[in-house]
Amino acid sequence: MNKIEAKNVDFYYGSFHALKGINIAIPTGEVVAFIGPSGCGKSTFLRLFNRMNDLIPGARLEGQILIDGNDIYDRSVDVDVLRRGVGMVFQRPNPFPKSIFENVAYGLRVNGVKDKAFISQRVEEALTSAALWTEVKDKLKESAYALSGGQQQRLCIARAMAVQPSVLLMDEPASALDPISTAKIEELICELSSQTTIVIVTHSMQQAARVSNKTAFFYLGEMVEYGETKKIFTNPEKEATQNYITGRFG
Amino acid sequence: MALQFDPAYNRRKRRLQTAVFGLFRLLSYAIALVLFVILGFIIVKGISVVNWTFLTQAPTDGMTGGGIWPAIVGTFYLMLGSALFAFPVGVVSGIYMSEYAPGGKLVAFIRMMTNNLAGIPSIVFGLFGMAFFVTYLDFGDSILAGSLTLGLLALPIVIRTTEEAFRDIAPSYREGSLALGATKAQTIWHVLLPMAMPRVITGLILSLGRVSGETAPILFTCAAYFLPKLPASIFDQCMALPYHLYVVATSGTDIEAQMPIAYGTAFVLIVIVLVMNLVAGLIRRHFEKKLNTK
Amino acid sequence: MKKWIDRLARRVFTVSGFVTSAVILLIIGFLFSEAAGLFRQPIVEEGYVLALNKSNTVDRLSAEEIKLLFDEDITNWRDVGGADMPVRVFRLEDLDRLYTEEELGAEYEHAGDKIAEQVRADRGIIAFVPTVLVEGRTDIHLVPDHTIPVKDVLLGTEWYPTATPSPIFGMVPLLAGTLWVSFFAILIALPFGLAVSIYMAEVAPPGVSRVLKPVIELLGGIPSVVYGFFGLAVIVPLLQQTFRLPVGESGLAGSIVLALMALPTIITVSEDAMRNCPRTMREASLALGATRWQTIYKVVVPYSISGITSGVVLGIGRAIGETMAVLMVTGNAAVIPTSILDPLRTIPATIAAELGEAPAGGAHYQALFLLGVILFFITLIINSCVELVSARNKTKR
Amino acid sequence: MVKFVENELQNIRKEISDMWMLVYEQLDNAYKSVLNADVTLAEQVAAREKRVNAFELKIDSDIEDFIALYNPVAVDLRFALAMLKINNNLERIGDYADSIARFVLRTELKPADRVLFEQLKLQQMYETALTMLKTTLSSLEHHDIAQAKSVFEIDETLDAINDQAIDVLVAYATEHPDAVRLCIELAGVFRKLERTGDHINNLAEETVFYIDAEVLKHRRTLAKDGDEA
């Protein structure tokens, strides 16, 4: 069963052809990593899955992107509902200027959940699943900015998980963190993969290798190779992939 | 308990957003409309008054006839005078802030003082000008006193733009020049000043625009209700467009006859301000384009 | 040579670096020295004195009491702490009515005697006469004068700077007028300002923002006297018709004009603040299924709140200090306003309107400088608030 | 330590341990088939050799993946490298067990040969080798360097028995010219057991390298020479 499917996706920023004819199928419950040099389109592609590129003026998509078999760019799709089901974690920790509790409760509140007891329960579950509960349970009312960078990023993951998304998009989630925090995030990714399908964009090939089951290599707007992570990292089919992962690039 | 979302809430929040954004758009257009109403009102009513005689004659018949030539000249003198004072002092002070001042508390203090100076109401400048330039330094009601008062008003604007213009120059230029053995003064003169010049000039023009429209500071330092002759020296009083507009619009014997003159004066004043803004904008745009193509 | 120029340049730069600080110190110094003189001024107009009958025990009169006495609003000495007897007001002009020129003498040399005569004759008399005429007399009771008390100025509710024999400088009506008109100006400007800045920063397509921004800047560039003129020519008649007012010049007219003038400041600063809100912050909210509006009021506005506050406070500062426009449209009645449709008068407008008529060095002149000092401090406090808010903003992240 | 890396390490450790047990069993069974002339057992050993080979490939590829995906450093890197070599050495030992079993299948052993085995101290030789193999595994599992180093001394015994066995075989072949073939085959068996000892030495060296980052390879012999001098 494929969670996400992209069919012949072409994407343009104005006249710039950012993504060229991409086909990919991401199976449910997998962790898929997108790697490639800067500007290769991997982040752009990721942001197509929750229609985040809608906000960019002059952006244009051709082809289809299906989640659970439904075209998410169909006119009848309510983009808020789509995004509720597709969580996202960003490059830098970006907690809202609110308390820790309110950060996690945010997704519930903006989607009309009003039951206080239920919200508290979900907040606890989400923080627990982000391995943060024991660290913050006594200071839920404090500002999220009081947390360390790594904790903030886990808070952002908890925030995304609170609405139980079936897909979690991660855009270089550990690139702004120190190695120990990075390790915690990676561990978290492995644990969350039992709850949701994860697509992660990363600059660090080691990270892709460590956390993902499948890896896609992007170069100049094209998807050069997509396959089992073990295969990509030991015996890639394309020379470009090999050059990139061995650092012999360019 | 399973997570469940209310589809009705979703529809509600969408509708709310449409309504709020619609309202915001309406208010924004309303503000733009207000500007056009003000400008349009003054332009439509004023343009018919303005002709060559209006621009080149002195007022006649107890302000109910004639033109505004002395006021235009007076405003020009005041702008020139304040520029002569504010530009050198302001630019040098701005350079000090960016290039010389030791960091930390001192700069923060000076910057705070500059910001405070910028925030002082113009009428307080007027009071100060009267007490200091007119009375204490005994310049009397004169172009000199008025220019200096207006210059003080323009000072913070000049300082701020100069400081920002210099601060935005990459340190590598300074280091490059210093590494060739140039002194700091040489570096500023030969390298930094030419680079910062366009933005500094933009700031200067904007400050002139502000000066040209100010009334309160010259009320007691320089402005004359009516002068048949043009000022002969910097110790003479002069007329000025904004003050003239104030006088013609609020006091006088024959309101009916004075109104067209008021519209004409307002029109000229607006044109000066618009031109100043336009020129500043053009210089900025030209400069930005040049930077981008580099 | 090169070194020498460099050193000279450094000195020149350093000196001019402190020019703003020096100007502020000068402003403080001159404003204060002029304003402080007010509290050394006698209550009764300088060169004059109040003379009473010997039997009258009243020894101290406040400026307000003097004004009431001379307006004949107080007609019995009982009311000011004296004996129960009717008040008779005597002015120098009365002398000419009662006596012939010969009796007074060509140089008024006998005027002192005649005044004393009158004062001796009536137990309830109060005479306002030049000091030179009655100086040193022991047959009449000269009310010892005292300086203007600080309390009467700062808390006084009446502003009659030209009243004789003793002007009243109660500043409360002016302060109230200033705050009242600024309050309504902000009340009008705030919803507009927030709506427009949010629209420009968050909602409008880039093309629209590109047009709106110079429009707003232009609105800020229009001279205040032009706003005043526009208010006078358009808004005032409009209000007069709409609310059927006897005069259209009112606090509301001032508030509308001030709102227009404060708007560009509020909009530009708040818009900048909102544009500084990181893009990912917005995206994080949208990615959770929030609408753009939810994102704006739940994330962007809280994030930029200190910048928005700065903008609003700067707008208030601009409104409080604005002179010409207010002077032209508010009607300039120095009374404590009860309704926004009443004419009122603000501190800057008072200074602008009255300084021209106040003789330099007199109490009135000094009172106007005191108003300037008050205005200076109000704006100084406002600016410091902005500095504090933005400094806190910087340390926050 | 990051959990998923730890899981991978655990997995490899278990595979090596299984491989080790498998090889040990092979060697043990080969021994028993020689001792008891048990052809069935010998056939089983020969059949299982394929499993040993497949297991070696599996472990090799797992370790390659581990290095490729997790970029191990320090102790993890030494572990991966040591296990890679231990894996190869174990496979070689497996090969020897296989050839010994094939010798049993080729040669019809007679009960009388047992006397010869006694003379050759086959049992002692064999049991020493098996003990070494077991000791080394235990030292790896318990991270016991002393235990690992103890193997090197036991290896001397193997060399001694092997040297002595040649003399015995020469004497036996002179006495029984019809048994020359058997003698040569047996010499091969002893040679293989002696080589097994060397491989076990390697296992011990790799174990010490993994635990302590101490390179004993070749040095050990140098040191011994030094002692003798």
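As written, the chain order gives the labels A, B, C and D, with residue 1 at the start of each chain.
Just so it is clear, a residue touches a chain if its C-beta (ideal position, glycine included) is under 8 Å from a C-beta of that chain, and two chains touch if they have at least 3 such contacts.
From a predicted model like this one, the values you see are computed outputs, not experimental measurements.
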Those chains that touch chain B and also touch chain A are C
Outermost chain relative to chain C, judged by CA means, is D
Most contacted chain pair (by C-beta pair count): B-C
Chain A and chain D: spacing of chain centres that average the CA atoms, whole Å: 50
Taking each chain's centre as its mean C-alpha position, how far apart are chain B and chain D in Å? 93
Using mean C-alpha positions as chain centres, tell me how far chain C is from chain D in Å, no decimals. 102
Counting in whole Å, what is the centre-to-centre distance of chain A and chain C, each centre being its mean C-alpha position? 59
Multi-chain contacts in chain C, i.e. residues touching at least two other chains, fall at 291, 294
Where does chain A touch two or more other chains at once, residue-wise? 80-81, 84, 110-111, 163
Check each residue of chain B and list the ones that touch at least two other chains. 13-14
Linking chains that touch, what shape results: line, ring, star, complete or other? other
Write out all the pairs of touching chains, ordered by chain label. A-B, A-C, A-D, B-C
Hey, which residues of chain A end up touching chain B in the complex? 78, 80-81, 84, 110-113, 118, 121-122, 163-164
Chain C contact footprint on chain A (complex, rising order): 50, 52, 55, 57, 80-81, 83-88, 90-92, 94, 96-98, 106-107, 110-111, 145, 156, 159-160, 163, 169
Over in the complex, which chain D residues touch chain A? Could you list them? 2-5, 64-65, 68-71
Chain B to chain C touching residues, read off their complex: 13-14, 16-17, 20-21, 23-25, 27-28, 30-32, 34-35, 38, 41-42, 89, 92-93, 95-97, 99-101, 109-110, 112-117, 119-128, 130-132, 135-136, 152, 155-156, 159, 183-186, 188, 206, 209-210, 212-216, 219-220, 242-243, 245-246, 249-250, 259, 262, 266, 269-270, 273-274, 276-277, 281
Quick check on the complex: what are the chain C residues that touch chain A? 205-206, 278, 280-281, 283-291, 294, 298-299, 302-303, 305, 396-397
